[in-house]
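Take a look at the structures listed below.
Heads up, the next two complexes both have subunit A, just with different partners, subunit B and then subunit C.
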Partner chain A sequence: MESLVGERRISYDARGLAEPNAEAPRVAEIADGRAVFDAKDLTTRLINLELRRLVYEEGVRAVTVRNPGSKHSLGVGILQRCRITFEGSLGYFGCGLIDGPEIHITGRVGWSSCENMMSGVVVVDGNGGSLTGAAMRGGDLVVRGRVGARTGIDQKGGTIIIGDSVGSNTGFMMQRGRMIICGDAGPGLGDSMYDGTIYVGGKVKSLGVDCVPGEWTDADTELIERKFRIYELGTPPSFQKFVCGKVLYNYDNLEPSERRIVL
Partner chain B sequence: MTETIHHIDSEPEKTTGLDSEYLSGKRFPYQEDASLLAGVDLVAGTPGADINWLEDIELLEEDGVPAVFDRYSNSFLKIYFALPAEKPVRDEIARKVLLLHLQSGNSYGLQLKPIHCKFPQPQLGSWVDGSDTVGTDWKAPVLEGWAPKAH
Partner chain C sequence: MCGIAGIIYRDGSRNIGRDMIAMLQSMKHRGPDSTGYALYGRSSSGTVVMRYKLADANDARDYDFQARLQKHRAEVEARIEQAGGRLQSVEAETEYAFRAVVQYGGDLKLLTDLVEDVPGAEVLSIGQSLEIIKDLGDAETVGEQYALDGFTGTHAIGHVRMATESDVDISGAHPYWAYPFGDIAVVHNGQLTNYFYWRRRLERNGRRFQSECDSEIIAVYLAEKMSEGLTLSEAMRKSLEDLDGVFTYICVTKDALGVCKDELAAKPLVLFESDEMVALASEEIAIRAIIDHEIDTYDPYEAEVLVWSL
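Right, the complex of A and B next:
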């Protein structure tokens, strides 16, 4: 499939399923510890193989990927400190399972970007799809635009910063970590959250079950100011803070027989 | 070696505890000597311009002893030296102990990597630049004397 403008000029199999070749294509140009390669004609598998070859085998610590073409599952499973720049947009599940890299995406990201991220920094200049930062465990994820529903679902750590608005059920079943939303939040914010903190700079359509306003402390101010300074987000708006009300903490009500099974 | 091990009576080789000393079989000097933490730089040891993933690390307790949780081996690393009362300082010490533990390669999960990694990755993860790459020649383990049945 081929269109005429922008990234749509690129022909690709977005799911990258038909790639039996498991050899890195070795197309990158490497100079002064930096590498650049064009992903336009590469499948998902070959792009990821080339990335791993550069980072693990060649010891390159700064890689630029041109024309990622919104392909899915790019930049996943990188477990090394390095800098990766995607000049364009990513599809589903981009940059998942990473532990260490600092990644800059100049375009947008699809569903579930940075899913299960362990550590590192990901900055997205555009918008994000649903489930951004799903099950994230550590590190900083910054999306300068808007994101979809269930952002930070099952978040277990780390900091998610959204420059604009978020969709419904953001922070659903959040267990730990921090979420800073500069714009509005859709209905069901923080539904069934266990722990963690959600800051909202705009309006909240409605709170989810067991999500309640929290008491602002100096530590909250320090966190917000530090993150805004590091990611050059300007002057922080006035934030509301939301935490878990903990009325759904029912474990003490278990029957003795249930307790033996569960514990 | 820690004195309190939560063994299961019927299966003495197993334990319900989450103690890193039990997994690795020894206690490390930085668990007992705070002076060894002097050179640990939390910002330099983590990605980005601040302490990144260590922001979620805080001082906890295991078996009544102050401890920090090592997610890379699913175990607690106990701290035996005297700790100050202030929570921010206690958390910073916990982060330094954990980072030093990981950078030293002493985390049991990291020690298992050369055996069990199925794809290439640095043994010491993102904490030490230039560590050995492991997982380049993983082969499925074979049980001696066993062969699959012909289908």
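Right, the complex of A and C next:
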């Protein structure tokens, strides 16, 4: 029996580092600035090494990865303008810490995808796990399906767009940025958020502490229509807007000089 | 961390042993200490299958070890007869773990208590179709040791354990059988914070626990609720009110498989459902280990209870 992640495929050094001597497998076919390779029999480390070789050393600007097989931590740390398509699904921590690429995932993503994403675009055709877009700082993240709990936790910038519903504590401790949720939101929406805006097209089970309805402006309409147009999401539903009420203890404890800056 | 998995085939028996080995092996990184399986094979009326052990894999092998095992094995078999059971077969799966098929229609608690009165004996499971196999090592090691590739049945659950709060031994490994109720087992990922409250409460009702592991509470709790007349789904919903902590657990009975997530959805679970089967696991990579084509999966939400029946 073959194991995808078992000892037969991955070696560790004395410090516990996986495949310390691994090198890019050089399996991609490159033509006209585009590259394609099959990830089915490659480990996470080999897939990422091949991706980085193509993007950084070969200067390829469009890479297609076939059969990613829900492996974890794929496509992380790409700091280059390029296009990457994963034909299939990603496991946990996919596309984290990226700065610049446009990534299309035809399947789903697991927990903590696009964590700390700095810029670029990620479009997921399927569903997402919990913690999608955690601590995201910039760029657009679009998940066409539903996502799990704590979506956009600690979000610091950028826009997260969810085509369906989200789980509990979405937008927990959100600091900046926007979240557009076309379906329903679970309990505790926007709990302890500092700033930022959450739009919900469906029902909200309950609002978290210090998350309150916000006043709708023309800028909100413009943003929603623009994002729906760019990502071909159809006609926008009627959205509710939620923002931070700024009455939590952390605002009360500010020094007068700090209060002027923050509020 | 730990990893859990479950599978139920709606259209008849399959090689669930092989499926579960593949699913659990792909999650070895979530827990390399021990691996456990609860498999539901063919049942025949009037007989029960009892899985029990007389020692642990990492017990010290002193000079009397083998003689003591032989003596205790004979005592267990005598106790089964004493309870009114008729032994049809006893297979030694390892030097310390056994599988007995017993013609028996009496009280399972009586049978279990008599067997466990033998020094070192612990009943891992009992039921008409439930068989729990658990031991130290990864899924392939345990699967090979107990010849599980080829075990046919309708549904199964499994667990890979990273020991955090109790020893690395068989007693600490999942799944847990719901003593003294037959054919009910649970695997759990998480931590219960009102463990001692429920343990004392259930012990006052006459339940005994084989381990110090909080997960064992869930199995016994659910079985007790079902014995009071609740369905599996109702019992699992009630557990959302009664159990504190973070948890995702899977419970199986003779003819159903259910999953429950706590109200914070703090522990992962990915689900795939088709007309033929339902597969669920802590990580999608485990489902991919048995399905080689693109599939659509999703995470159940907080406080969600889902049950599938045969």
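What we mean here is this: the second predicted complex is superposed on the first by the 228 of 263 C-alpha atoms of A that agree within 3 Å, B and C clash if a C-alpha of one lies under 4 Å from a C-alpha of the other, contacts with A are read in each partner's own complex, and residues count from 1 in each chain.
Methods note: contacts are C-beta pairs under 8 Å (C-beta built on N, C-alpha and C of every residue); 3 or more make two chains touch, one makes a residue touch a chain.
Here the structure is a predicted model, which is why all the values come from computation and not from measurement.
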So, after the overlay on subunit A, do subunit B and subunit C clash or fit? They fit
Exercise for review: Quick one: classify A:Arg146 as touching subunit B (first), subunit C (second), both or neither.
Suggested key: second
Is A:Asp154 in contact with subunit B, with subunit C, with both, or with neither (first, second, both, neither)? neither
Here the angle between the directions from the C-alpha centre of subunit A to those of subunit B and subunit C, rounded in steps of 10 degrees, is 140
Query: Touch check for A:Pro101: first (subunit B), second (subunit C), both, or neither?
result: first
Review point. Regarding the shared-chain residue A:Asp191, is it in contact with subunit B (first), subunit C (second), both, or neither?
Key: neither
Which partner does A:Gly88 contact after superposing on A: first (subunit B), second (subunit C), both, neither? second
Classify the contacts of A:Gln80 with the two partner chains as first (subunit B alone), second (subunit C alone), both, or neither.
first
Superposition result for subunit B with subunit C: lowest C-alpha separation, Å, rounded to 26
So the subunit A residues that subunit B and subunit C both touch are none
Interface with subunit C, subunit A side, in the complex: residues 1, 3-6, 69-72, 88-89, 91-92, 106-108, 110-111, 126-127, 129-130, 145-150, 165, 167-169, 186-187
Counting only contacts in the complex, subunit B reaches subunit A at residues 46-50, 52-53, 55-56, 71, 119-122, 125-126, 129-130, 133
Seen from subunit A, its contact residues with subunit B in the complex are 52, 56-57, 59, 77, 79-81, 99-102, 118-121, 137-140, 157-159, 176-178, 226, 230
The answer for subunit C against subunit A in the complex is residues 18, 21-22, 25-26, 28-29, 138, 140, 149, 263-266, 268, 270, 283-285, 287-289, 294, 296-299, 301-302
